[in-house]
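You will see two complexes here that share chain A, one where it goes with chain B and one where it goes with chain C.
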Partner chain A sequence: MRTLKKSWVGIVAILVSIPVFLVPFAFIILTAMKGKLDAADLGFTWPKKIELWDNIVGVVQARDGQALVAFINSTVLTVASVTLLVILASMVAFVLQRRPSRWNGLINFLVLSGLIIPPAVVPTITVLQGLQLFGTLPGLILIEVAFGMSFCVLLFRAFLATIPREVDEAAIIDGAGTLRLFFQVIFPLLRSVVITVIVVQSVVIFNDFTNPLYFLPGDANATVQLTLFNFQSEFNTSWNLLFTDILLITIPPLVMFLFFNRQIVAGLASGSVKG
Partner chain B sequence: MLSLKTKRSILAVAAGVSAVALALTGCSSGGGTGTGASATSKQTISFLIDNSDANVKLAKGLIADYAKIAPKVTVKLETRPAGSDGDNLIKTRLSTGTMNDVFFYNSGSLFQALAPEKNLVDLTNQPFVANTDPGFKTVVTSNNKVYGAPAGTAMGGAILYNKKVYADLGLTVPKTWDDFIANSQKIKAAGKIPIIQTYKDTWTSQLFVLGDFANVTAAEPNWAKDYTANKAKYATDPIAAAGFNHLEQVHSLGLLNKDFGSATFDQGLKMLATGQGVQYPMLTFAVSTIIANYPDNAKDIGVFAIPGTDASKNILTTWEPAAVYIPKTTKHLAAAEGFVNFIASTKGCDSQTKSSGITGPYLVKGCDLPADVPTYVADMLPYFQAAGGTSPALEFVSPIKGPSLEQITVAVGSGITPAAKGAAQYDNDVKKQAQQLGISGW
Partner chain C sequence: MATIPATALAPKRATSADRPPKKRKGIKSPYSMWFYLIPAIIYVVLFIAPTFASFFYSLTRWNLFTAQFIGFGNFVEFFQEQNLTQGLINTGIYAVVTSGLKVVLGMLIGVVLTSQIIARGYLRSVVFFPVLVSTIGVGITFAVLMNPTSGLINKSLALVGIQGPAWLTDPAWALLSVAFVDVWKGVGLATVIYIAGIVSIPVEYFEAAKMDGAGPFKNFTQIILPLARPATVTVIILSLIGGLRSFDLIWAMTRGGPGFTSDVIASVIYKQYQAGFYGLSTAGNVILFLLVTVIVMPLSWFLNRKEVY
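For the complex of A and B:
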């Protein structure tokens, strides 16, 4: 009886989620298959003629193959930023969690301000110009790392609180140095949070529009989100190409989500046990 | 002996100091990298334009043709988003000194918002200035200095109409607003949509107000000046308020398409091209989209100015073309000036015609249009050829344009806000903008 009741709840939840998640996705796919005029009606209808392949070719060829360059740029940006974020944020969180000191209050305050205070564009560009990093991919990577740092430090810290101190002590007694203690003993224990951070931050950075727009000028530096604007302008939009581009861009995060779905929930939940 | 704790804090302070030092050395090394390229060697300049299809095509054509004239200069194209993202991008680049060598941007009130004296190179003494239409010069001038060269063609804010339906129903182009309403009633009786409105794309709702401005100027030549000086108001001047009243009237008479609230610009063009809808108040550039999407129907699309009360004064409200500007931070000033002069020359017009077809009259002396022009351009030309047949839109003669006009016109056009109240709301909206710009009298 009880399992029956439970499955009913599940079915209702699925039914509710269909219009929210699947209908928009179906709309993207349908529009991506249409021709230009057919798509301009923005109707939820079966395409008159399926032109998905033509649209994909159109998207890839637009602006001399900018889409391909953009995919490479976005991949480099996402992978590098997320790797740096995971390593740096977990190290910061480990030190903050394990070594209470007078500075902790200030550092916690700075971490929280990173979440609260919105970043300003013009001063950031001035700093980047001073560092000779403006308009380069490494510059943007550092920006994404800086903006994502607070959120990741908080996640890691919350999870580290659940790992008993005895683990560290045992490792130290066995002769592990600081680096070895962290990378070989603690870091593997953080697996579920690391996966959460990877997934959440990858999606955020991959989907970022404003930071690449302002901090990485130049057509050769475009990221995938910026290519959307090739097909959408103030007065005239090629809906079919726009939605094809959206479809292509949606695939990588979607694949990632399908693979890591379980771990995300587990990671978020395990971090929330102790604050 | 230091305790472990003090040791740790010394370490932390040392780390902090070295981090700051690192940042500072980074700063100081950023100084002397400016490279002065000599004028004779090969140079590359970059050109920023918005990403609309038509403009990218235009820019590509210009760059290809300029390469033939000036083989030593390579122009690299870069695109930017349109709309408010684009505005922010332009302002950010200007204020951080990272603007491209030449950039394409609106003239008129948006140009004034760029702080031209601070950011742009004064082009007053360039050769193109002498050949440029005086009306255009006023919209790229700040404190008697010219900062921009025209790129593209002038357009009208008018009623686009389907000539075929007009001919079938035996209608003639209306000279007064009452004629226009009478025509619309006949179209409605014939079972077609008399007036198309597409409020999903809110900007399309403003044409009855903005496109009526030629009629305001015709009746009160000093209106724009008084308006800028806070002496004239939409709400208190019945002639200026006519635009809002028209918008209310066409809704209350039921002359609109049924889905006016949710229809998009693209759908509006489709209705007009297929003859399902007959009249669409719009900027004339829209016809180039019809030519691209519905080539068979394009010859049926005509243009007439939004009619006022006086049949003898039939004046088209015009929008000046955008301009190209050079930022003060450019390192290739001579090359950039050469490119700008080319764009605003007869060769530049030819190049533009070649890449994007004829979209309206050019504002450069000597750029005549061929006899064979699209129907809608042919309809526009008489206004441009007649003395006083055109008059610029308000945003080109006054720096003040309130940001919320499109929301207000949607509300008035949907019958939510009465016309008088809408006009008053817009006067209020404009007030904030004028105060921000620091105009005296507000």
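For the complex of A and C:
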């Protein structure tokens, strides 16, 4: 009786999850496989003829291969920003967690405000213009680093608190200097949280739309999210191509999800409820 | 996706690594302050300084080259012009609706997914995956699904005899429609936080309750609800911050339309920026900053104040 009741809840949950969560993704895939006319009526039907490959070629060739350029740009942006974030944020968190100083209160305050305060758009643009970095990929990389710093510092700091000080003391007694202590002794111990930071931040930065919109204008160096947004108005007669593009940019997060599901979930929920 | 680690909001617990080190006189600290240098430069130049500058520029008429001081003119405009005021009200509605629904649904799904049911792994994955998908992609997809006549949602509703609303093209529904999609995309994060919270409740409590003859409902109201409170606090604060700042989903689905009915502060900031009203746009930024601080700071203090144990 009891097991019957249990499976009943499960079956209801599965039945609800199909239209709510699976159908929208199925719709993306089906529309991406259709021909132009077939896709035009926006129906949830099996494609008359599967033209997925033609659609992929169509997306890549649209606007002189902008989608491909955008994909490269997004990859460079994501890899560079995440690399910088991991190194810089772990260094900050290390000193912040280990060394009490009168600055700590201020630093903690600044880190927390980074999570809450919405960035001031136009003043940031003028600063970037002053540095000759406005509209350039390096400029956007620095922006992503600045805006992502707080999140990463807090994750690293929480994890560093679980690494005993005795590790540091042993290394110092063995004659390790600052750099050696951090990069050869501590950093390797951060492996699991480094993976979490990499995975979460790359999904966030790859999916970022607002910052490229403001700080990297222009078609020449668009990112995938901007390209998708621009295709929305241009392809409103070719839904098949639009949805093929959506399908293509969903693949990187999907791969991350398949390989690192546990780390993502752990990272996002870590410590939230242990009071 | 919210980019805030939940650890930031939880009260801290002292660990062995937290204790102050012994003073070593004459020996340089192994934790060099210059580790701060590069991150501090990036952070201050690109985030802190612009934030401070925004307070000044919000009081000016500004074209990037000259800034003419006009006092509180921009703010007055925000509270007088109907389309801008609408943006302020909408921001509040959007934040409250999304965070309220995320708390309720996240807790409900969290409870279901921590009980012994079949296909738990599948359900967890399927609820969480939208969190990782591109917001723009989700926005475009749902804009199509919500098409009043040929969209899948209204076609399905028609099959069971319900006349669906015009969703994004109906001024009364546009903002709510976007909020629903936001909840669809974000409820996975709330669920994950609740799952972590419920799992951390000691099993003994449930065993004791069982001995006392508590049913599932009692379990929920007497054990899960009070003991998952830190999770609730986290979800409320995360989704309020996210909801108040939200821009890309609204921009992808309605661009603030029809008319100004689904404009929020963040989309007003972008529209004024595009139109070249940089002072007004920056004033929007300052208002958003004040709004987030005024709502989130006291709320997080109030919610974290009460201990459950």
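By our rule, the second predicted complex is superposed on the first by the 233 of 275 C-alpha atoms of A that agree within 3 Å, B and C clash if a C-alpha of one lies under 4 Å from a C-alpha of the other, contacts with A are read in each partner's own complex, and residues count from 1 in each chain.
The definition used in the following text is that contacts are C-beta pairs under 8 Å (C-beta built on N, C-alpha and C of every residue); 3 or more make two chains touch, one makes a residue touch a chain.
Everything quoted here is computed from the prediction, not taken from an experiment.
After overlaying the two complexes on the shared chain, residue contacts for A:105 are found with neither chain B nor chain C. In the superposition on chain A, contact of A:135 is made with chain B only, not with chain C.
Contacts of A:41 after superposition on the shared chain: both chain B and chain C are touched. In the superposition on chain A, A:233 contacts chain B only, with no contact to chain C. In the superposition on chain A, contact is made by A:122 with both chain B and chain C. Residue contacts after overlaying the shared chain place A:219 against chain B, while chain C stays out of touching range.
Once the two complexes are laid over each other on the shared chain, residue contacts for A:161 go to chain C alone; chain B is not touched. Taking chain A as the reference, the larger set of touched residues comes from C, when chain B and chain C are compared.
Contact with chain C, but none with chain B, is seen for A:94 once the two complexes are overlaid on the shared chain. By the touch criterion defined above, A:256 reaches chain C but does not reach chain B. Chain A residues 41-42, 99, 101, 121-122, 126-127, 129, 131, 213-214, 229, 239 lie at the interface with chain B in one structure and with chain C in the other. Within the complex formed with chain A, the chain C residues making contact are 1, 3-11, 13, 15-21, 29-33, 35-36, 38-39, 42-43, 45-51, 53-54, 57, 62, 64, 112, 115-120, 122-123, 125-130, 132-138, 140-142, 144-145, 147, 150-152, 155-156, 184, 189, 192-193, 195-197, 200, 228, 230-231, 234, 241, 245, 247-248, 251-252, 266, 269-270, 273, 278, 281-282, 285-286, 288-289, 292-293, 296-297, 307-309. Residue ranges on chain B touching chain A, taken from their complex, read 5, 8-9, 12, 23, 26-27, 29-30, 33, 50-54, 56, 77-79, 81-83, 85, 89, 92-93, 95-98, 203, 264-267, 270, 285-286, 289, 293-294. In the complex of the two chains, the chain A residues touching chain B come out as 36-37, 40-42, 63, 99, 101-103, 121-122, 125-127, 129-132, 134-135, 213-214, 217-219, 229-230, 233-239. Taken together, the chain A residues at the contact with chain C in this complex read 6-7, 9-11, 13-14, 17, 19-24, 27-28, 41-44, 88-89, 91-92, 94-95, 97-101, 107, 110, 112, 114-124, 126-129, 131, 142-143, 145-151, 154-155, 158, 160-165, 168, 172, 176-178, 181-182, 203-204, 206-207, 209-210, 213-214, 224-225, 228-229, 232, 239, 242-243, 246, 249-250, 253-254, 256-257, 261, 264-265, 267-275.
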